[in-house]
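Some structures are shown below for you to check.
Look at the two complexes coming up: chain A is in both, with chain B in one and chain C in the other.
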Partner chain A sequence: MEKMPKWADVILTPLISLFLAMAISALVILAIGESPWVALTTMVDGALGSSYGWGFTLYYTTNFIFTGLAVMVAYHAALFNIGGEGQAAMGGLGVALVLLYLPLPHWLIALPVAMIGAAAFGAAWALIPAWLQAKRGSHIVITTIMFNFIAAAALNYVLVNILRPVGSMDPASARFPESTHLPSISDMAAAIGMEWGKNTPVNVTFFVAIAACLLVWLLIWRTRLGYQIRAFGKSEPGALYAGISPARITIIAMLISGGLAGMMAINNVMGESERLVLNAVEGAGFIGIAVALMGRNHPLGVFLAALLFGFLYQGGGELALWTSIPRELIIVIQALVILFTGALDNMVRMPLERLFLALRKRGDA
Partner chain B sequence: MKLDVLKDALTPIIVLGICLIWALIDSSRAMQGMDSALRLMTPLLLACLAGLYSERAGVFDIGLEGKMLMAAFTAATVAALTNSAWLGLLAGIGGALTLSLIHGLASITFRGNQLISGVAINFLASGLTVLLGIKIFGLGGRTPSLQGSGRFQEITLPFADALSGVPVIGPIYAQLISGHSILVYVAVLCVPLTWWVLFRTRFGLRLRAVGENPASVDTAGVSVTRQRYVAVAICGVLCGIAGAYLATGLSAGFVKEMTAGRGFIALAALIFAKWRPWGALFATLLFGLLESIANQYPNLDLGFVTIPSMFMNALPYILTVIILAGFVGRAIPPRAGGEPYVKER
Partner chain C sequence: MAAASQNSEGRPDAAAPAAIELRGISKAFGPVQANKNINLRVEKGTIHGIIGENGAGKSTLMSILYGFYKPDSGEIRVGGQPLTITDSQTAIRAGIGMVFQHFKLVQNFTVLENIILGAEDGPLLRPSLAKARGVLRQLAEEYQLNVDPDMTIEELSVGHQQRVEILKALYRQADILILDEPTGVLTPAEADHLFRILEGLRAEGKTIILITHKLREIMEITDNVSVMRRGEMVASVRTAETTPEELAELMVGRKVLLNVEKTPAQPGAAILEVRNLRLVDPDGVERLRGISLDIRAGEILGIAGVSGNGQTQLLELLGGYPEKGSKVSGSVRMNGQELDLTGRYSDAATRRARGIGHVPEDRQVEGLIMDFTAWENVAFGYHHAPEYNKGWLMDNAAIRADAEGKIERFDVRPPNANLAARNFSGGNQQKIVVAREIERNPDLLLIGQPTRGVDIGAIEFIHKRIVELRDAGKAVLLVSVELDEILSLSDRVAVMFDGRIMGERLPSQTTTGELGLLMAGITDTENAADNTGLPPDHKHVATLPGEQP
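Entry: the complex of A and B
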């Protein structure tokens, strides 16, 4: 028997967790002598109050959709992929190599090719931890953490010693050719005579991200492979008994996960900076964890949670600009969301379950 | 059996080998480099032992980084305000303990996911330290630099001067072993202490049992919850000392993100050490040496290849992955690690 109705599990618990995280964040703001109300209005105004704000919010959202989906797919196979940061960084390298060394005449051709490059590099970076977990029994969390650091070091080396143009001091690659620049949404709006979000980084990748949400939903709930992934995630012995190979599913799930994390590079590397810079991912890989947890490991949830974090990110930047509250407040909020939705889940759930049981008993009597 | 002994001795042999080769090739800088390796080892060793207590009791802890960072901040803040390194140390322990309790609450009481709780703690520390630092000192997240009694000073061990004339042993004792801050010696002494506590006391037996088979401990009438909380608290204290050493011993104050991945290197060292105290000493010494070499020679020229510093910095992680792959001796974690204990009703 279910202890509480499904809507309570899917909607009420994350909302209460979010509320708790926000309440504590408000206390933190009070503690540093600022007004939570002013902070909130500044954030809403800066992130959602204009098409300019939306342009940045949706840009961050796009990043977080990819990393959130990456964590989510692995999570369905009971794998905790904490390596999104490194996989997204490697995806950036894939994008840079493809765009710098292949002659691509138009962005419509460059986009799919770059997507393949990004996904391939991201997936490759997830492959070794996956293989080690599947075949050698080493813990995927530890190996993916290690691979984040190895990726950072490798990228640092490649940027400083190989991709850096002659004479440049900056540890960054050359600019990508003009023909591969992705159209921003403001350009697209301008083409149909609308003025929307001038000088904002959100670009056509946003639509790719939405498509990715749909495809992941189809994959997880409407295909044989998705069924196998979920079965394996629920019970390894059960999956084994049903003839599903644990090693195969582990590796495939991690390849998809790493590929999705790598695809983030289409947005930040190809769409925004238009060259590969050091630390291009800026923590988005880790935010994916919060996004997946908050979104209850469902693509729709991931989309909404990514939007929430996109808002927090853009709002946080505005906060640092207009008030004396530092940007780091966002990291605290992010930590609290992860804590309450991921680790202290039962703290919220147990009293709720008791409440619903009591209600039901009263209804029966 | 014989092969196992050899595998266990591998890390000390490698450490000794690196030291010897270094001393032979470039003796002037080797002394200085090994001296600095000991300092760099200290926070790693303390954090590694911290993780050892927690993970041996079955509570995974990837929040070592966050706890150290928080401790470094609270220690530097209190030391700056009171000008006392000792009060700073206490504050550091307090800061790390608070986060430990959150981790305990999430992973023991509410039976949540220990890995996710660790991730959350890392972010919490990363955000809060800067937020509070800006509020208290207004220096963009730094604390004012510490001077005099605000820092742990270097102490000279007895007879260091008298012995320095003796060949080989003299310089090693006077320059390498003597002349560190007290926390370095505390860290090294924690190794035999931890070994004794874990393998020679009833408390240690129970702690290990809780990490291997909590149900058996429960059957014996010992509270699994209490035992795990104690382990998590010890972990907090050691992380606190590690953080305090970072901010008030190794450097003179707190800077944003000053742990710079040391908590994760400590985690790597813990695996490298196969969750054993003496192994922890040699693993962290090895990683300290690697960091020191990378600092001394940004581009290490071996004649046939030049090793970039990035590679040296990534080497601890690469070595750990190789160990994890099980090609050089297998690292088997405590059996009940990561699983919340549910008492049957």
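Entry: the complex of A and C
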């Protein structure tokens, strides 16, 4: 017996949560003496009002799709991977090493090779916590969060001491060779004679992200591995009964999760900055948690939630640029959205379920 | 006392108001009508049985009485006074106590702490504890409810834990005690003790409502009995004026066969040969102490025993998933070939590939993924089977089609393969598991507690399928704590006690009394049986094989 129709569960609940978050944000903006309406229109204009805004929004969206999918895959195996940040950072290192040291004549060749490098480094970074969880019972939440710090420190060391070009003051790698630069979507649009999103960072990786959504959907709901991941995630004794090895599934699910988080580096490291810089991930690993939660651990939901957070990121930047609303407030707004759509999900869901039960009862009578 | 004893005869006493009276209670969950216009009168000082199949609405009705659910309509009267029960506190104040099937005790609290939990007199615990200790001593004397007040719950046996639940209710001055399937977790001796306690409580004028599946218990202890079927109260009768057959018929709404029809076994070659199997669990407790047994093609070997004597470990070990960290030794041959017990190929998937099907004891935790749909569960454990896969992807259409066939052949209700497993009743969940395992046509079927929590109609059906599998020349290892089930299904009975096989008997040449002694660990049964002269009151047990929960 479903408590409420699927559309209400998947669409109505997050929309109401979002609306509540916006309402409280409006109150906060009012409280500091600014107009919420102006703030909203600035954000919408800045993020969605022009192809330029869209170019940035979709760039951020791409990052969040990868980290959201990473959290989602692990979640289906009942593993809470909060190490997306570190795995994405390590993915960046993988991309940088591949692009700096392998001769890659064209981006069409560089892209798959860099994807492998990114995924391999991200997966390797998830492997150690996964192995510790599977074989030693060390809790994955603790180990993955600690591995975020280790990744940051290790990357710092590598950038300063190994990858930094001689004579450079900047803790960043050399620029990647020209031949490996990914085409931005504005380039692609220009090639077919359209002008769209000039000087925006969104690039061909966006399509890779969409493909990743489809593949993850296939993986989780259509393959034996996905079946085993979901079964293990729901019941470990059940998995044992069915001959599914918990250790094996834990490790495989975390490898896929880490690989997806690492793939984010295709977008930000290879596609945007075209060299490896310090703190390239900029919190996208953590946003992935909120994206997966809000997306109800379904690739389509992850895509939509990533779009929302892309909008908030870009709109928030615009807000800081054009109004006197301080930058910190944007973080407050983002936090409220995370709070309402993620953590306080049940606050909206429960009354809604009750409402639907009452409506159904009346319908029957 | 005079009034109490008169009422214990079960006669409605027109002068005294009923302890509990329900008038026209209805309750729906969405489109499901769980209770439909229920009328019930429970006389003071009686034991009133409520029986019905799974999903008949018994638990819903009791939850309404205890304030967990609000009825959509109808009236509740307690002691003649109309009462709106909004929460369990109201019910407790009205003198209603509830003993749940799954105990609500804090495992690492002592008995005393559990008893005062929620009934503390003030912010300081010491006075409450002292008072409870006194009350407990008094109750223990009055009703044979002996429990050491300073033991923690985890140190107590299940039977003693149940006594704590009863004490909790009595401490809260309950006059009306509701027990939900109280004997489901008890050994026969513990159940007998429970019944003596209940008789003692009745003698003191307490009213007891006993919810159960077991006709034998109803016949043995109740004064009146009400039968529920599909949300309705179909009959309320005096126990002395009815028969088990009549009650069974009222429960399912048709005549049921209480005996399993089967021809004598024609055993063939040995399918499974177990030799000196030992298992030490991670805590260092030796759970299996040298088990040796054979199962032949075309026979059902029943393993009788009080639960917790190693049956679970035996099934899990044969099924390929002993508890992590267990030490295993001994040998098992399947179809003449040695099984890997400890190595790389000791997992459940390899066992299935070797032709071992397994209906696990706990279908909700192991046998099914409760959030998966029925069709997804049909592939559970067999998700690698070629017919369920198409290249890289699972062939969901094929699995669904197979599931729909199984649902039809096994009469799973509702016949909806897209429903999540948790939305089926216990009996129908079990049918899904049994269908999945039996239709694989395994050479050996392990089946644990096949009819626990399953209604009579489904029991009969599942028993028939097991016998059919045997007749097809397959071997069946049946583990059940229900002696009736063991006796009516098995071709041979082995009794397990403390990790050992105490003896093997033929069902036709043994008695429940003899098996009972073996279950209690007394090996020299022939002498013991001759000397003691078994009590005749166990005789009727074997005639009612179909009544287990």
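Everything that follows uses one rule, which is that the second predicted complex is superposed on the first by the 363 of 365 C-alpha atoms of A that agree within 3 Å, B and C clash if a C-alpha of one lies under 4 Å from a C-alpha of the other, contacts with A are read in each partner's own complex, and residues count from 1 in each chain.
FYI, a residue touches a chain if its C-beta (ideal position, glycine included) is under 8 Å from a C-beta of that chain, and two chains touch if they have at least 3 such contacts.
Note that this is a predicted model, so its numbers are computed, not measured.
Contact with chain B, but none with chain C, is seen for A:I331 once the two complexes are overlaid on the shared chain. Using the contact criterion defined above for the overlaid structures, shared-chain residue A:T223 touches chain C, although it does not reach chain B. Once the two complexes are overlaid on the shared chain, A:L111 sits clear of chain B and of chain C alike. Between chain B and chain C, B contacts the larger number of chain A residues.
Of the two partner chains placed by the overlay, neither chain B nor chain C lies in contact with A:L319. For the contact definition in use here, the chain B contact set and the chain C contact set of chain A share no residue. On chain A, the positions that touch chain C within their shared complex are 1, 218, 222-224, 227-228, 230-231, 234-235, 237-238, 240-245, 357, 360-361, 364. Taken together, the chain B residues at the contact with chain A in this complex read 62, 102, 105-107, 110-117, 119-124, 126-128, 130-132, 134-135, 141, 261, 264, 267-268, 271, 308, 310-311, 313-314, 317-318, 320-321, 324-326, 331, 333.
Per the touch definition, chain A reaches chain B in the complex via residues 28, 31-33, 80, 82, 128, 132, 136-139, 141-143, 145-147, 149-150, 152-154, 156-157, 160-161, 286, 289, 293, 326, 328-336, 338-339, 342-347, 350.
Contact residues on chain C toward chain A in their complex (touch as defined above): 28-32, 319-321, 347-352, 358, 360, 362, 365-372, 376, 379-381, 383-384, 389, 392-394, 396, 423.
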